[in-house]
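First chain written, first letter: the chains are A, B and C, and each begins at residue 1.
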Amino acid sequence: MTKLKVGFYGITGCAGCQLSVIFQEDDLLDLLELVEIRAWPFIKDVNDDETFDYVFMEGLVATNEDKERLLKIRKNTKILIALGACAHTGCVPAYRHFTLQKNYAHLLYEKNKNISDVQPSPIDSFVQVDYVIPGCPPSKQEIRTFLKTVVLGNIPKSYDNPVCTECKLHNNGCLLEVKKPCLGPITRGGCNAICINGGLECWGCRGPTDDANLPVMVTILRKQGHGLKFIKDRLVTFAGTKMPAVRKLVYDKNNKA
Amino acid sequence: MGVYTLPRSQLHLFLAVLSKRSPVYVPVKRDAIRFEPYNGTIDFSDNAYFPIKEHFFRKRETILRFDGQKLITVRPTSSKKIFFGVRRCDLTALKHQDSIFQKQYKDPWYKAQRANTILIGYHCATPPNKYCFCDGMGLEEYQDLMFYEQKTQFLVEVTSVKGAALIKKYRRFFKKANKRITDADKHIKTRKLRKRDFNAIYDHHAWTAGVNKCLSCTACTAMCPTCYCYELHDELDTLKHGTRCRIWSSCQVKAFTRIAGNHVFREQREHRFKHRIYHQIQYFREQHGFDLCTGCGRCIAACPTRIDWVSIANKIT
Amino acid sequence: MIQTLVPRKVKVLHRFRETPDIVSLTLPKVGTCVPGQFYQLSVLGYGEAPISVASYTTKTVQFTIRQAGTVTNALANLKKGDTLYIRGPYGKGYPLKEYEGKNIILIGAGCGVATLRGVIDYIIHHRHKYNDVFLFFGYRNVNDIIFKKEAVQWKEVFNFKTALSKEKSTTCHDWTSGHITEVIEGLKLRTKNTGVFICGPPRMINDTVAILKKKGFTDEQLYLSTERLMYCGIGMCCHCMIRGKFTCKDGPVFRFDEIGYFKND
């Protein structure tokens, strides 16, 4: 059996998702037996980026360089996987979509004109993405399961249940009951409700489920006494551009955000 | 089979002695009331947040193991457990689960968990919370002992051979009482779910109020003491070794009816929302002759938006 | 102790590729089955899938599997002599006994023809017990046609029509172009003493039933074979419920009045 040719790349992002791959100390060697890592600029000196079967792409497009790189990689791989929340939703860096230019104008590079930025956007706004491994960062387990699945020639399944499903399986009490703005009900699960197990409410890092009932979620948060600005921020902090209804719901261009 | 009394002051002593032999699960106040092994405290102020279902129909059950294409059978293991303070709705729910897992097809994993249990009930003198609707849901006797709380003592009704044996063993705590527990004592007065043919009101617009508030978060099915849907998954440890697991499933999500090719049979939230309710109170009755639901009200109490489907259904004329 | 969810080990006796995405596997028979019932086939590590009986002899049973997901892909990749696991049979089959001495119409589309194959075999073996038998099978195009070899014999024995909805080439005239529902619509069918067995995708079943009802068939004459997500096969996991009915236990073959039209609920 020929090994799958795999590449790991990162564009604008914190590299945490790539670390999530590296941190599988116990299984890393086993993984290397399954796949041939052709390129991983983050940890490898010599990178051969000609042809891949699978490329895991972390980060989002924030500069023209990112864009060029992404387009080139897309051409060279059969399957492109968005690794982590930035690549999937845009996550925190994509917040520029939800604020007015005057709010961030003073933060832009003024002297270094060679840094040409684009509106930070997840990679699926530029290229076709075949699979998504969501999460900020994705769990080690999830990445491993994904690799095993594709090595066996299977179709990776996405987990579509909300976070609540797994949260209840961990016997957690509902954080909404104690007035915490938990986004569990509308957020895609698969994370084993790790935040709620530790007492932290869900921030929605895995993006909304495909049938998220957003109006009701907003109503709940409003009833808890949160303002529109808080709700808007909370909804898009991690879910980024994958929370399109937010704009219609609590945000419009003329809003004095 | 007889009625005994246990002074209130003796309850903790009794539980302490009882828990020396095997873990006694009692309702304990944590962030919510939960069944936990007895540790000196007990709380009857409300019904337990989670039902005892998970101790029998467990969240994750290993059906078999495999090594390549070699199947390794897994023998179910069980340990002795005593449950104290289980309310009537949960006892009835257990009976319903028994009728699913132990009737036509004997489920060995469920049976193993169920085999070594003693159930000690606690009778609700008043409805523990405003969501209960067990009155008229056909609650039954399914315990070994039943505790009725009174001012200074507990009346203990023996309802099974196992219960009688338990009393005999710990006879020093109990005094024989000259009282009979009547049906009036057993009655819990709560709000009611109107009995009717629910098929006739499936398309009624009143359901929309509930549907629109539903988040499809699956809390209702996970908290339900009777919901018994499950799914089987092959999980790989390495590329060859792994287990086939049975895990809980919820009809509130699309994945519940999604088949290969990405076709979802219950696509709309409306149908998923109604499916749970209808399975509980209509479909199950069609198949088994009685309601699956026991009226514990957890699906309403656990719902982040408190969708009170009972009043929605009751209001439909 | 019978462990109902634990399958038995069998080996593939024969494998035949029907179309680019459909494979037939012949396995040793487990239990006794009738056409319309299904077995749960599994490849360890991949999962389990309910597959209906395509045909059977006293010692073997054949499954015709369309590659649609993980399990069916794994099943289709098996070779002769490979190990797989099986449990069953489950469900209710077609009411062949009830329709002895009467006419039978079989309507199938795509892989749905596979479940009807068992009925055809049964009728061929007991030809004297049935009157007129009509077969109406629809496929997308020539490449999708399954049981090409067997169809030669079927043409001799039965009134047999094939419709191809997406075929453009006109080199072969064994078929009508268009949907099978259109073919049925254009035909005169005797409704008296006739049973109709239908298997196909939900929309095709709905359309077909509507047409047949217009032609005067009653609910009691129409039998549908349905498909749902299933895990247990014994009426416990509840994934296959069509309203109050379990596809695995009360079906997969339902009389039309039991479940009505597919409504997504």
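Going forward, contacts are C-beta pairs under 8 Å (C-beta built on N, C-alpha and C of every residue); 3 or more make two chains touch, one makes a residue touch a chain.
Predicted model, so just to flag it, every value in this text is computed and none were measured.
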Chain at maximum distance from chain A, centres defined as averaged CA atoms: C
Higher-contact pair (C-beta pairs counted), A-B versus A-C: A-B
CA centroid of chain B to CA centroid of chain C, Å: 39
Approximate Å spacing (C-alpha centroids) for the pair chain A, chain B: 38
Chain centre separation in whole Å, for chain C relative to chain A (CA means): 43
Shared interface positions of chain C, touching two or more other chains: 45-46, 69-70
Where chain A touches two or more other chains at once, by residue number: 152
For chain B, residues that touch 2 or more chains besides their own: 236
Residues on chain A engaged by chain C in the complex (per definition of touch): 152-155, 157
Chain A contact footprint on chain B (complex, rising order): 30-32, 34, 49-50, 54, 59, 212-219, 222-223, 236, 238-239, 247-248, 250, 253-255, 269, 302, 304-305
List of chain C residues in touch with chain A within their complex: 45-46, 69-70, 73-74, 77
For the chain C and chain B complex, residues of the former touching the latter: 1-7, 9, 42-49, 68-72, 82-85, 227-229, 231-232, 234-239, 241, 243-244, 264-265
Footprint of chain C on chain B - complex, ascending: 63-64, 66, 68-71, 73, 100-101, 104-108, 202, 228-234, 236, 240, 242, 244, 246, 249, 251, 256-261, 265-268, 271, 274-275, 278-279, 282-283, 286-287
